[in-house]
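Have a look at these structures, which come just after this line.
Next, two complexes with chain A in common: one pairs it with chain B, the other with chain C.
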Partner chain A sequence: MQGSSQPLLRFEGVTIATRGSDSSRVLVSDVDLHVSAGEALGIVGESGSGKSLTALSVAGLLPSGVALSSGRISFEGKVLTELPDSALHRLRGKQISYVFQDPLTALNPTITIGRQITDVLSQHVGGSRKTLKRGAIEILSRLGIADAEKRVRSYPHQLSGGMRQRVLIALAMVCKPRILIADEPTTALDVTVQAKILELFRAIRTTGISLIFISHNIDVVLEFCDRVVVMYGGRVMEVGTAEEIGMAARHPYTQALLECVPRLGTNLERLRVIDGQPPGAQETLSGCPFSNRCPRALGRCHSEMPLSQQASPTSSFSCWNPAPTLAAASAS
Partner chain B sequence: MKRQAIFARLGQYSSGVAGLVLLGAMVLVALLAPFAAPSDPLALDLASKLLPPSSDHLLGTDQAGRDLLSRIIWGARESLLIAFGSVFFGTLFGVSLGLIAGYKQGTVIENVITRVFDLFFSIPMLVLAIALIGIIGTGSISLGPLTIDDQAKLIGLIAFSFTPALGRITYAAALVESRSDYVRAKRSQGASPLELVVLEILPNSIPPVIVQATLFIGVAVIVEASLSFIGLGVQPPTPSWGTMLADARNYIFSGEWWIALFPGLAICLTVVGINLIGDAMRDMLDPRAGVRSGFI
Partner chain C sequence: MQDAPLFELQDVSKTFPLARPYFPFGRKRSEIRAVSNVSLQINHGEVFGVIGESGSGKSTLGFLMGGIERPSSGSIMFCGKALDAMDRRDRNRFCRTTQLVFQDSASALNPRRKVRAALRDSLRLAGVPRVQRDGAVKSILHLVGLSDEHGLRYPHQLSGGQRQRVGIARALAMEPSVLIADEPVSALDVSVQAQIINLLLDLREKLNLSIVLISHDIAVVAHSTDRVAVMRQGEIVEMGVAHDVIHSPQHPYTRALISAVPKGLAARGSAHL
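Showing the complex of A and B:
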């Protein structure tokens, strides 16, 4: 693992809110993150935890009505949040690529997949029609699409969900970006297809590309990423290496997430369920967003947001009343 | 697509094929007018005026002895040119404005465009056309080297009155499409706004516009005929179906039925043909009909 002295991508105090002077809602607050070159960072959280917005903010893709209200994002030393849109759209697809959740709707239904890939290639790399077409066929076959020469002439509706996700990954990978941001890339797929797509991401990791992998499935992220960020209610709850999060999580929310997933070798009669609902964007919270559902909540949890505490050189958590690690709890 | 497959699919839309044959025949006749017309549509022959259909004059003659069949054939040129021309320009303007408004959602531009559409929507199309003709007058006007004859005026006018409706349809579709995942994905791949609008939003917004534009060709034929009928459209002696009907109104009750019947029939058959095509297109392009595959 590279040191964090020269990260590829860095978030500093990123806060995202709805626009509108009278009714501005904070959706993501005060996120500090970094991704080093070649590293895979996982972001875990429930729906509405702000993980997708955080990812979209990197290339200025926030939906209309939502904007960065403070903080900055820098990429290779350039401050992305100060770049004009024209400069950003040269970076998008070339240096920073995305793979979105739903492969069924993320491809233009009226254009062949070959054309969609060559469009991206010609925009960022250029070349003759022949080289472009060869590039499209090459990336498709490299991503495990059989018969790529024929498939480039297919329309999206002629492909299965798994194939379409491969095409989307091809679109994101074809210009050899520095960082790939995958927003729940397997959620809309069948379990067997999910496994294959994850296999593909594992292969992509070996090419040295940095990866931000967003998922609500903590197991997938733990298995697959170097470091993991746990988000809840628009805030970072805990950060650490995959091992630290998996074995030595301190935040009650992280522990609850881990206990929600069945594990071999444990004899739980029922899986844990986290009571209550995550806070909606309408609620303004003064304290920790998890305090209403937290079994360990103290009085001050409801009124004061805990500061981030360093637990080890590579991990930190934000909690007033951290739990003992799961390993320690089961030992006692 | 294989040839049999095309025929098999056309078989599901037999009414559309019938419409295509009707309109195709009209267009062919209009294009071949100099060869198809048996005589000069403007040649006066007062000796043979108001003759009923006979072997000399298949559809009879009018009050100035002009051959009705020739006039209907030449009139097809005028009527169809105005109809297709006005729908072409109306679609061009409407789609462009609708796309801009849909893509620029949440901005002042969107508000201005849609409010202007609403404004023109509140005035009936024919009344709007009559009012505008009243302002710009009939006959040709010269703007420096440019001569705008009444045909071009009619095309512009009808195109103008179609623009809001076509624009609103495009706008509604573009509004949905520009929020769609693939537009977002394309944006994340570094596409410029122009590429997003032309390559992503336009092809996916266009099906309902095609249907409406097709139906508007029929409406344009009627509007042209109506305006010509009340003397605000194509000016005599140029034959158009509307001016022919206008000439015929004095003879309906005196027994010369053919003067009114045949131009009316021409209008009727053309409009029916176009509407059949439009209906078939709507079924073909409707994704819920389940027969859609790559037809754009």
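Showing the complex of A and C:
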């Protein structure tokens, strides 16, 4: 799936910090990543790892008081970070679109879902009222909403959680974007509904759209992303193909994420946990952000951020004391 | 007292009236059956799981067992005594020994009160003398893996996992023998879910608790319970020893719940460890 040589989206040394003049805090530091055309990239990490900020920075949607302090983000060769706001506005929703976690706050409760979709369409594509409406019905029924002709007249509160998430995906998909960024799109849903929404994302992938899929559940991401980025404390800890991350992860944090997911196959009485708390934004860390919770931490881990090491042509990790792969550990 | 099972539900149903139409002339009032003819037994010291999707009635079942809702029909016995026939003393004792832990710890705690104050309130209701309350707050905080310093914070100053620990601490202040936990981990990161589940299991051993664990995620329940009931549309479709239900599910709905659990790499059909 590694399509063209020129990636669609590229992050180079992206650092995001609060804007305070006297006490600027770094929230995301030095993130390098890329997404090729047609590729699905997963970003995994706990709350506060900076994965959402990374995603929001693409289309200039960072919350007020937080801004890109260095690095650049380029999309189809254009440097997004240098574009004026008006140009970004034209890209958002048309070329780059988002699906957020909570569909109830992302949708406008006072207008019908049909109207919300036609608003997006008329903004970016245009057309007569009739064609707009037809477009809305078409996208809803393509996304598995039964009786779409009637449903366009519904308000968000009249729909179930799974349906609302489908509407949100319809809003994001209606202008046929090049890249879809989904930030925890299934976290608020039941496991069974989550399975259906994941099925939908799998279908969307076949249309050739690139995808950035963010989740705190590494199993969800491994299920259908080509490559996975593991983030912690605002830094990229490990990158690799799904197979490499799932079976040959070297970073202790990645391994801990893999081991704390409850799985049905195993007979463990007790789940593995990662002791302690992720670092808060208040703390300034000189070393590896995971060092305080890491079972393999060495002295230098607390004082010096490890450099990224290449483990294979497609994978790299940042760790002074990488663990043997889980497969090797269980074999010995 | 140990002879009778902890909870014994017989043919329990709960119906709620549906909202009336604006002009109700000549319309029959319809109702929704949230729990329908449920019979089950929960034993002392057991961790009992209730699994089902939203709308399956699992939370209503928890509310019925917690005494928050009354059944429309059927009977609920707690330690051999019917809930609706209890005198005031027994009822008070039941309310103290059965505590609930909710999904959304942020809305379950008063945002204006510090953690320590919330716990002190519970201790006061539990009849702990004033002079002992500060000491008791400390020991409860330690019991759920928090430090004294967390007691000085407001709920919004805690992470989701810490807040859920406070929710559990507040329940423990009443020295309960039963915890009914309604989706205690579904709002949390996977890594924190494991911490909370393990905490509940530790507490069960330390305090000799019985736990009713309600969740939509069969994987969460599978790891921590002795027996499970699978609910769908108000009815129990399958019930049994957790291991058996998960490894050889009999009902197609249970199988559907199992297949919905994300399987990571294994789902891609590639080689798995």
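Rule of thumb we're sticking to: the second predicted complex is superposed on the first by the 322 of 332 C-alpha atoms of A that agree within 3 Å, B and C clash if a C-alpha of one lies under 4 Å from a C-alpha of the other, contacts with A are read in each partner's own complex, and residues count from 1 in each chain.
To be clear about the criterion, a contact is a pair of C-beta atoms (placed from the backbone, for glycine too) under 8 Å apart; a residue touches a chain by one contact, two chains touch by 3 or more.
Everything numeric here is computed off the predicted structure, so don't read it as measured data.
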item: Chain B versus chain C, judged by how many residues of chain A each one touches; value: C
item: Touching partner for A:T110 - first (chain B), second (chain C), both, neither; value: first
item: Partner chain in contact with A:M305 - chain B first, chain C second, else both or neither; value: neither
item: First, second, both or neither for A:D102, with chain B first and chain C second; value: first
item: Partner chain in contact with A:V120 - chain B first, chain C second, else both or neither; value: first
item: Partner chain in contact with A:I274 - chain B first, chain C second, else both or neither; value: second
item: Touching partner for A:I43 - first (chain B), second (chain C), both, neither; value: neither
item: Chain B and chain C footprints on chain A, overlapping residues; value: none
item: Chain C-facing residues of chain A, complex; value: 46-48, 160-161, 190-195, 198, 216-220, 222-224, 242-243, 246-247, 256-258, 260-264, 267-274, 277-278, 326-327, 330
item: Chain A-facing residues of chain B, complex; value: 105-106, 180-182, 184-192, 195, 199-200, 203-204, 293-294, 296
item: Chain A to chain B touching residues, read off their complex; value: 59, 61, 64-65, 89-94, 97-98, 100, 102, 105-111, 119-120, 123-124, 155, 157, 168, 171-172
item: Chain A partner contacts - residues on chain C that touch it in the complex; value: 53-54, 159-162, 189-195, 197-198, 201, 216-220, 222-223, 243, 246, 256-265, 267-268, 270-271, 273
